[in-house]
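Chain nomenclature is as follows: A, B, C and D, assigned in order of appearance, with residue numbering initiated at 1 for each chain independently.
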Amino acid sequence: MIIVLKPGAPSETVDELLASIADKGLKPLHLPGAERVVLGALGDERVLAQLQLESHPMIESVKPVLAPYKLVGRELHPQDSIVSIGPLAIGGGEFAVIAGPCSVETPEQMLASGRAAKEAGAGALRAGAFKPRTSPYEFRGHGAEGLRILRSVGDELGLPVVTEVMDAADVELVAESADALQIGARNMQNYTLLSAVGRIRKPVLLKRGMSARLDELLLAAEYLLAGGNDQVILVERGIRTFETATRNTLDLNAIPYIKQRSHLPVLVDPSHGTGVRDLVIPMALAAAACGADGLLVEVHVNPAVALSDGPQSLYPDQFAELMRRLRPVAEAVGRSVA
Amino acid sequence: MIIVLKPGAPSETVDELLASIADKGLKPLHLPGAERVVLGALGDERVLAQLQLESHPMIESVKPVLAPYKLVGRELHPQDSIVSIGPLAIGGGEFAVIAGPCSVETPEQMLASGRAAKEAGAGALRAGAFKPRTSPYEFRGHGAEGLRILRSVGDELGLPVVTEVMDAADVELVAESADALQIGARNMQNYTLLSAVGRIRKPVLLKRGMSARLDELLLAAEYLLAGGNDQVILVERGIRTFETATRNTLDLNAIPYIKQRSHLPVLVDPSHGTGVRDLVIPMALAAAACGADGLLVEVHVNPAVALSDGPQSLYPDQFAELMRRLRPVAEAVGRSVA
Amino acid sequence: MIIVLKPGAPSETVDELLASIADKGLKPLHLPGAERVVLGALGDERVLAQLQLESHPMIESVKPVLAPYKLVGRELHPQDSIVSIGPLAIGGGEFAVIAGPCSVETPEQMLASGRAAKEAGAGALRAGAFKPRTSPYEFRGHGAEGLRILRSVGDELGLPVVTEVMDAADVELVAESADALQIGARNMQNYTLLSAVGRIRKPVLLKRGMSARLDELLLAAEYLLAGGNDQVILVERGIRTFETATRNTLDLNAIPYIKQRSHLPVLVDPSHGTGVRDLVIPMALAAAACGADGLLVEVHVNPAVALSDGPQSLYPDQFAELMRRLRPVAEAVGRSVA
Amino acid sequence: MIIVLKPGAPSETVDELLASIADKGLKPLHLPGAERVVLGALGDERVLAQLQLESHPMIESVKPVLAPYKLVGRELHPQDSIVSIGPLAIGGGEFAVIAGPCSVETPEQMLASGRAAKEAGAGALRAGAFKPRTSPYEFRGHGAEGLRILRSVGDELGLPVVTEVMDAADVELVAESADALQIGARNMQNYTLLSAVGRIRKPVLLKRGMSARLDELLLAAEYLLAGGNDQVILVERGIRTFETATRNTLDLNAIPYIKQRSHLPVLVDPSHGTGVRDLVIPMALAAAACGADGLLVEVHVNPAVALSDGPQSLYPDQFAELMRRLRPVAEAVGRSVA
């Protein structure tokens, strides 16, 4: 329920109303705005009828939240959210670029790849220590040792780091090492993991599942916010279709669709989104043009020998070219590259 | 690697070969057959070259395992596996029917639904205590209390019970209550859960993910077998396509495709597979005709008031009709209904 | 609009009502039943209000046709339609099998393949003279010469023949040679071709488009019936999904969905539907079990040298095996193989 | 086959070689370049062996054309093609915008919509006189009368006009009225229509089928070029996926994929591509950013009363906004808006 107060409603009224909402077993929300205060009440809205809010002298209007994603939607939270990963602010006027290799392989590979990312202008570093793999016989990442390497390279380069967490039991471990956690596409509806990550207070990148409808992505994010973690960044990373020319079909339609309905920032991952190195730069430019808040890009110092995702990783000079071509497009839509 | 011994190879040779495979760091497999013994060696096959198996006097032939799913495939394990859930054998000459409501709601609902399933001829009972739900605000099951109700109804009716586990931390709890565990479609690639379930010694029903290719389902099963649990039953439960007439597109092509490549039993879930009550019976008959080893069907004593999946649950008399019409079709393909 | 007359309504009343419906510019339909007569009125239903049918003494009830496919649906035509291709009745108690090679290649290949089909029990012969091909450089069929060969082989074997028409300009030519015309998947929404075929009075097999929803298939059939041709047989032949294990995903859910909504007969094409020879027999059995009225199957005397679709064509002995295994399944659902 | 001549090869050698290619029954192509002449030979390449081209003194190298789309690909035709619709050049440095209502409804609607398109900067006018419709009972366009209205409005506004042709029998009629013909998504594999349009010498817009893979679109275009019409413009207009938030999934990955493989210009239709008015502007900007050569956009003077596609048509002021926001993005990737 959205409760709009009249201009000049005193703060005691606000407190009384929040208390009576909580009294009825609903979750109260306080949303002060420039001109008037808005309150929210989440839960079984029928019990609110007993409060007879419509006839309250300081209440201007009462209306239901229509979207199924109450906290993620713009109805209760119209203005854009900005989520910060260290010094990198995502969701505001700057266009953020998070780059790095698919996996942490060795300290040398990680440092060289991270340095290439930083020199070209990346604002944060990404790499996987825990890797979800279709076959049990493939390289599954270096785990805790990989986290240590990533952290140390991030510190050396002065870049915040982002990495995937696959297991609820690892959430604390990963949260200690990384500046932001990533929930991968295969785990978008792993509700155990969503609940565990909802309990921490670190930024989360939530990737869209391979066959998730957009409303399902927004509801998965709702799990995180309902759990208490509102530092959520959504990531479009391609969906599964009949097309075989690309590994996935990067669905940029998702960007304006989500931005119109949700206050959360949205990144685009053109590396997984296409699975084809030659398509990464043009799709990155398109992402900036249609309103994404940034990119998640795979860069490897030598993709030809990468342990995973080599065919979609950019070479350092390609990443530098991406950054160079990105700046004028971001400016054309009113943003600067962070 | 598949190592076929000559007829009459002595058991000492078998033991020696298994030991030298293990010595090289590979996993040895002993596969005695009616006419000759076959050995398997899983891992980096290049080190086997050092053993010069081709020139061993008791070895007839050595060939690589071509499929990426080594343990799940028929190359190392040509004959059908039979997995037993209590007295119900799945994968042999009998066609197994596991039925019950989507969720455990109350002891009364569970008992009445279970009784209807049993009277019509079901061989095991299914119901969810932990429910994966797209929205955090929907009914998510009664958890441990639901497990107790399900177990008690199963005992009262003399039926083994199957229920879903969503969280690696719950695997032991669920394994104590249930005769078989189910891994749901959303968790088919939750590798943490697959590893945890791979460590127990109870039957597992592994459902195909909504957008999983068949080879990905077989590789997910490979995680379970590689973890040591070979009591695995695959379940086709519909894939996500462009078609909106049905909730999912039940993909029966999966049945012969899997049966030709894997020794594991395969069930069909026509309830989730179509999401439409009126399609459940015809698709159940089709499943039997194309070689499935059984069904997983939703039956509720009163679908109109079900807390979840009402529109796809059969009424008790419809389930009885299904069983009646199923028997002649199963017999037409050489099976009897368990 | 569906107009149900009272029992005993005299034929003069029927004639008067049909005339006044036509007078208003709507298409009148006369649907005599066992107990009472039903009339239909197709077109802008608002003008019917002027007739005040509700107050007519001989009219029991008036209700709208809800489905968008008026003539194809069961509302105005509840009983199953039977469409005959020569002596082969499709849609009644018999299960029909139409078989033959993908393309007419030579008189010898056609005769040998047709003979194999006939000996195993096929009720009609199929083969393509005009072939739709993705590339302009592939074999596109022998055209008119192919039609002559097909007709002559059909006559020699005493089997009716079915062949595809791709071009509105060829409809008459094909209709002269063949006992039934086929509209291929790529042309399901070729409205020029649908209109041309709607004007002839020969049976038509209408194949579902590769990405057509079921309601779109029914609406494509509505073009044929609205054009005056009610000898329409629908064919499920697989849809395009993300799955790459099969060439297409044969969607058997279509069969009960369509049979519940339409009076038209439905065939299944497991050859194109899967694109994989080894899946043809099990999926053919499944088609019979879920209520299809028959099959369209590719059989070639020597698939290894076929000019098109070799990998999905059955060898003659495989087709004989299909027929042998089909009979008990068809009987299990109350049908005999024609 | 691609035959590269040595620098300075005399024109007599060129003529002789072309003649001997034709002599062997292959199609000769003459592709003069800045530095050296390239010849092509299309057809059964084995017969070329008889010419012993490798040993010809004036031939530098001979290599096969690898792509299945010989004329559409860049192997034989590396430089971009520019196709002109009246004064509007598509495929060069200018970004082209073709706009107008879905259907020609009345002279007034057409003129007002066209005027709005022109004033905001559109370079050509589009509208349908022949409309493909899923149901036979929907508005199917005004046909020849619609063509006359469109032509007259185009002449009055001084804009070239583009319109769809659905029937091979109408190709000449449409070609007389319009400056460019469009082949719709449903007809992308209507080979009769492709052949008929391949015989005329007017620009053609070929839209991607709803479930066509990109290589199938390129092969459909190959039909047109093989037929002799090389004025072909490809159009990405959305594919059918599981996503229901949008009517179609506009697949911008297609743009760089096609541009890297084919010399033909490519437009994007964000109106059909998304089916949602609010997504048209952001996706149009993304199209420009990733390398499209222009747009096909639906603009209607009053979408609320449009006879077709109202929900995806822009209002005139929205189209003006699109053009305003498009210019800086086009410039950011080095193009100007035509």
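What we mean here is this: a residue touches a chain if its C-beta (ideal position, glycine included) is under 8 Å from a C-beta of that chain, and two chains touch if they have at least 3 such contacts.
From a predicted model like this one, the values you see are computed outputs, not experimental measurements.
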Mutual neighbours - chains that touch subunit A and subunit B alike: C, D
Relative to subunit C, chain with the most remote C-alpha centre: A
Separation of mean Cα positions, subunit C and subunit B [Å, integer]: 37
Gap in Å, rounded to a whole number, between the CA centres of subunit C and subunit A: 50
Set of subunit B residues in contact with two or more other chains: 211, 240-242, 244
Subunit D - residues contacting subunit B, complex: 211, 240-242, 244
Footprint of subunit A on subunit B - complex, ascending: 68-70, 132-137, 140, 166-169, 186-187, 189-192, 210-211, 216, 219-220, 222-223, 226-227, 240
Footprint of subunit C on subunit B - complex, ascending: 211, 213-215, 239, 241-246, 249-253, 255-257, 260, 273-274, 276, 278-279, 282-283, 285-291, 325, 328-329, 331-333
